[in-house]
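Paired with subunit B in one complex and with subunit C in the other, subunit A is shared by the two complexes that follow.
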Partner chain A sequence: MTSPIHDSPVVLPEENAPSQRNDKERRLTISGVIAWIVALIFFAPIFWIFLAALKTDNTILAYPPKFIFTPTLENFAALITKPNVGLYFFNSVFLSVGSVAIAIVVSYLAAYSFSRFKPAGTDFLMFLLLSTRFVPAAAFVIPFFQLFGILNFKDTYVGLLIFYVMFSVPFSVWILKGFIDGVSQRFDETGLVNGASRAHVIFKVVLPQVKPGLVAAFVFNIIFVWNEFLFNFQLGGRNTSTIPVALFTSLYDGGATNWPYVASLGTAYVLPLAILIFFFQKYLLVGMTFGTVRGEV
Partner chain B sequence: MSSSSAPSSVASRLEEGIPAPAPPRAKSKKTWWSWGLLVPVLVFFILMNVIPTIWMLGLSFYNYTLTSSGDPRFIGIDNYTQLAGAGPLWLSLGRTFTFMVLAVAIQTVLGAVVGYLFWKSNKVPGRRLALTLLFTPMILTPLSSGLFWRLMLDPVFGVINYFGELIGLEKIDFTTDATLAFPAVLVVDSWMWIPFMALMTLAALGSVPKAELEAAQVDNLSFWQRLVHVIIPAGKFIIILGILLRTIDVFKTMDLVYLMTNGGPGDRTELIAVALYRLAFKSFNLGYSSALAVLLLFIAIALTSIYLFVLNLRSRREAENA
Partner chain C sequence: MSEAAAPASSALALSGVYKGYGSTQVLEDCTMSVNPGDFYVVSGAPSSGKSVLLRIVLGLEPADAGSVYLGGKDVTSKGPQERHVGYVPQSFALFPNKSVRENILYPMRLDKVGKVEMQETLGRVCDLLAIEDLLDKRPDQLSGGQKQRTAIARGLAKQTDFFVLDDPLVGLDFKLRERLIDDLKATRSALGVTFLYSTSDSLESLLLASRVGVLANGGISEEGDLDQVYDSPQAASAMQALGFPSANLIDGGVRSVGSSKMCSTVLGEVEVSGDVAPGPVLVGIRSEHVQVGMAREGAVARTAKLLFTEDVGGSEILYLEVDGVPMSTVLGSESAALAAIGSGSVDIAVDPSSFVLFDPVSRTRVGQGVQHG
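Let's look at the complex of A and B:
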């Protein structure tokens, strides 16, 4: 690399934030109506799965497809009584929350160091971290498959937790460094000059000011781990399978796809994600760009 | 805000009233802190990235097949020379490139249209809910997208075939049809990622200084003039970043294809990541597939460099303007 990396995120000007534009009254324009129609079209395939989850097996397989039917919750009742479904949900929640919590702590410390001390090799390390997330997962499955075999990590919570911590670190470091860069160094210097310890500065002065970064890192890493399929499929097993793997392995139930099961499990998988997107929409941009572009849309 | 992107320059240090550099003793303390804070991340990084990478590099020089009983045998660069002559792999790399060009073009253009639509209608009632509905496809794991679309594309009871029959088409099994499997994957991929490019378009439009937009309004510029002279100069970086992220993602596309078509029919939809996975876990030729993995690693590093170069351009320009 010939040029140094100014690895601060692109930050959108705040004057353009929608909250400020929105202070005028709500209006339904033609473009607004079209925008709503477009949104509904994009959501339609997911809505179709929601509908399938409320249909009986025969109704799902009916042709022509039934748009009007008597909804039933029996698929969800059947889902809850399936032996492993509770475990899949526990695994998804435990692995995502556990690994992301650890990842954010270690990433915050590293991001502080990268932002404030800029030790030699900072640019290179930031580059390497980002590139690990840009490599096809399939490329790394082989060495992990063998290493996990040697370490006896296969199908264990410890192994998968460690894996998902590293899976979440690159994005967390990037996003948190961007937010810490946005906090003036004057805060650190003032604190130190007034006799505060470095630890006090790190946790009591800077940390409260990067809360949005912590929230964004937390929410989006949870989503990424919640969604991860390939490594859980290859490194996990019957004890540690998460929902995506459950969706995949249950696809063929006695030869044919068990659609009532897939649809109800799929619905239970999508709903938390959609709710997160609704409440944390302002972090979507920074989340989907690995912390490199910041701003509200 | 933008001045904080270059906080280490002397001018900005003075401006922010930061005291002069600390005396030597404090400096060694600083070094301790700077590396001490990095230790946990470095431990994870070495354990979960450096070692697997070295392992992969090492494997790529061995003849090692899980299904044969023989011990791994060092064969130098034979795997790489075999790779260079492997026609099907270069075909699937070419196919990945075709897919990339088509997917990125479709998603950028349609994403820009959708993004602009939402930009224009920023006061529509329930905008947040509408955006949630729009953005949900891109937040799904590709595996579940493939699954959901299989329900709709089913040759027997799928709703897409039903609509097709309504307008006089015959029922089609999209995922096993030689000509339609590739477009089908392309459509589902676009369904997932047009919303992403719409998000980037919204961000790009948000980065246009409001004052310049108002000035353009006062000057009575036409839509195209505003686009060329005001919106594109300010917004192009974010769009380019979006395009690069999509490009990188196409090289990673595996789960979606694996679930929808499993690379078939034949090899019609076998993108490079799918080929790699099949090589590793169907033929169990670990040495050879590691060589391919190393090649993909280099492609990823090259794309990351380009991404950061563009990001860097943008920060430099901001620093100059500040």
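Let's look at the complex of A and C:
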């Protein structure tokens, strides 16, 4: 038999008192329950969409709502036979992944330059970059609409890619500069003195050390572009519509809202991003704080 | 200041190098020369420009004016990649995503060294620095000393015969530094290569250097073999930079008495020789030349106020005051004189031959004390 001293966990004296410990546990339980209730309220609309996607047309709007029903995948079967649904998915994936990938490369190089070469007016340039985020997006719609008209960019992949790259770059530069600043210049110099080219230093020496920053910038911008509606609606068209625009434009079918279509497309739209966020949620904090809070990433 | 040797015969030569940042001039007409096989230590106070000097040698910073020669070739306008210099940076800068082995192989991978030679070099530097058993670890699994050894090993793995070490032992604890100092000396002589090493620690300079250059006021105020610079310093800055504890610099005044010259200080008056004009001078006296206890024949003696003592392991530094002038001396911890010291005051004595006179403006050597008897 082992000694009771070794068995008992180390506890602080004040936590020893049973009544105090119970108080603390009770408070934790109550706050936990409240947190769950709030989370479920926020989750309710998404849950409704998920359920609706598995219901038949006439049970979707049944009142009171049916929680016990025979799930069916016929809405999804109908979805894939719809014209253009494949195109919407392709557009969403292609525009978000493509533009963000380009933006990350551009931003990484820009952030490296700002961090290492400190061109004259770096602080002001960094401020200018961020200033694009000060103005509500809607304020840009008209000028961009005209610009895209002049350049014949409307409803083209090139046009929308350029637009989304432009929108993703400032944020990414901010996040990545914070990370690159955190990598000592002695690393660069060790590389250069040993005969490395600048490209080697940028991609082989510094890049492996800022991977969390790259992932954070990638995830954050993917969320933005994936959810972007306004500009895709205004600057895109038949060929380049993404799912958010498709959800809006094909909401009505034969004079009424086509709920099975909306629910199944909505579910298929939310799932990939939800999975992405689930796996990379710690990087979201990095993104929201411009890389100033890095936590465990 | 000595002129740069003919570049062809030197491992490194700097000639009239200037470097400034904005309104701050860091290097002014800096000239130095390192011979092949030297363990050349650039010694200078913190922020005297040692790192800048090294960075100019490495090609990481351009000089505003002047020339840099490596192995007799003018490399002033060459980038760091073209200079083929081994480098141990001040912070370890070990790549966190690479193992110790890959860190050490890094310079050779960049130089596309053959596999056999690579393994040979790896074995040799690991052997020298005793880090064979660390090879598969990541830098974050190493202690400070192990990181430093790895950084030195990586620097030495470069296939070259000229290495720059930027204050690599700064911040390490005393014991570890002592061991690494021995390692560094052994390593340099085993490889038969040239080291350019910077430090602000005078003890490190004294223990490591074969040749030393003292950096002060933007230039090398004095360079030469360690013994020569130590024994007969030509610049006040060199006398102060080399010595542990730092040499005493006190004010003095020279007057002519008949055909001889006398220099008076708070310690007393001694006869001096050299090209010294009557007027104020700076008098340098090494701490270890300030004797404690009975004065020898011919020495000047005073009673000094003992401010405090400091145990530096093996020896004891005494901080003194003579008529308001701070001085220091050093005694072995086992010394009988130390045991005899009470509190409050200490009898001290200095041989006239220990007096080194510097011009108070140019701070260059103008004379020395004359020993009688």
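The rule is simple: the second predicted complex is superposed on the first by the 250 of 297 C-alpha atoms of A that agree within 3 Å, B and C clash if a C-alpha of one lies under 4 Å from a C-alpha of the other, contacts with A are read in each partner's own complex, and residues count from 1 in each chain.
Operating definition for what follows: a residue touches a chain if its C-beta (ideal position, glycine included) is under 8 Å from a C-beta of that chain, and two chains touch if they have at least 3 such contacts.
These numbers come from a predicted model, not from an experiment.
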Exercise. Is A:I80 in contact with subunit B, with subunit C, with both, or with neither (first, second, both, neither)?
Worked result: neither
Exercise. If you stack the two complexes on chain A, which partner ends up touching A:S197: first (subunit B), second (subunit C), both, or neither?
Worked result: second
Exercise. A:S31 contacts which: subunit B (first), subunit C (second), both, neither?
Worked result: first
Seminar exercise, completed: Larger residue footprint on subunit A, choosing between subunit B and subunit C, goes to B
For this session: Using the superposition on chain A described above, determine whether A:V205 touches subunit B (first), subunit C (second), both, or neither.
Result: second
For this session: Could you say whether A:V158 touches subunit B, subunit C, both of them, or neither, answering first, second, both or neither?
Result: neither
For this session: With the two complexes superposed on chain A, say which partner A:R186 touches: subunit B (first), subunit C (second), both, or neither.
Result: both
Exercise. Counting only touches as set out at the top, which of subunit B and subunit C does A:V215 meet: first, second, both, neither?
Worked result: neither
Seminar exercise, completed: Where subunit B and subunit C land on the same part of subunit A: residues 184, 186, 189, 193
For this session: Provide the residue numbers of subunit C that touch subunit A in the complex, in ascending order.
Result: 58-60, 79-81, 83-85, 87, 89-91, 93, 95-97, 106-107, 110-111, 154, 158
For this session: Over in the complex, which subunit B residues touch subunit A? Could you list them?
Result: 1-2, 4-8, 13, 16-19, 30-31, 33-35, 37-38, 40-41, 44-45, 47-49, 51-53, 55-56, 59, 114, 117-118, 120-145, 147-152, 156-159, 162, 191, 194-196, 199-200, 202-203, 206-210, 237-238, 241-242, 245, 248, 251-252, 254-255, 259, 272-274, 276-277, 280-281, 286, 289-290, 292-294, 296-297, 300-301, 303-305, 307-309, 311-312, 314-316, 318-319
For this session: Could you pull out which subunit A residues touch subunit C in their complex?
Result: 184, 186-187, 189-197, 200, 205, 208-209
Exercise. Residues of subunit A touching subunit B in their complex?
Worked result: 1, 3-8, 10-18, 21-22, 24-29, 31-36, 38-40, 42-43, 45-46, 48-49, 52, 60-65, 105-107, 109-110, 112-114, 116-119, 127-132, 134-144, 146-147, 162-163, 165-166, 169, 173, 181-182, 184-186, 189, 193, 198, 202, 223, 226-230, 234, 244, 247-248, 251, 257, 259, 262-263, 266, 269-270, 273-274, 276-278, 281, 284-285, 288-290, 292-293, 295-297
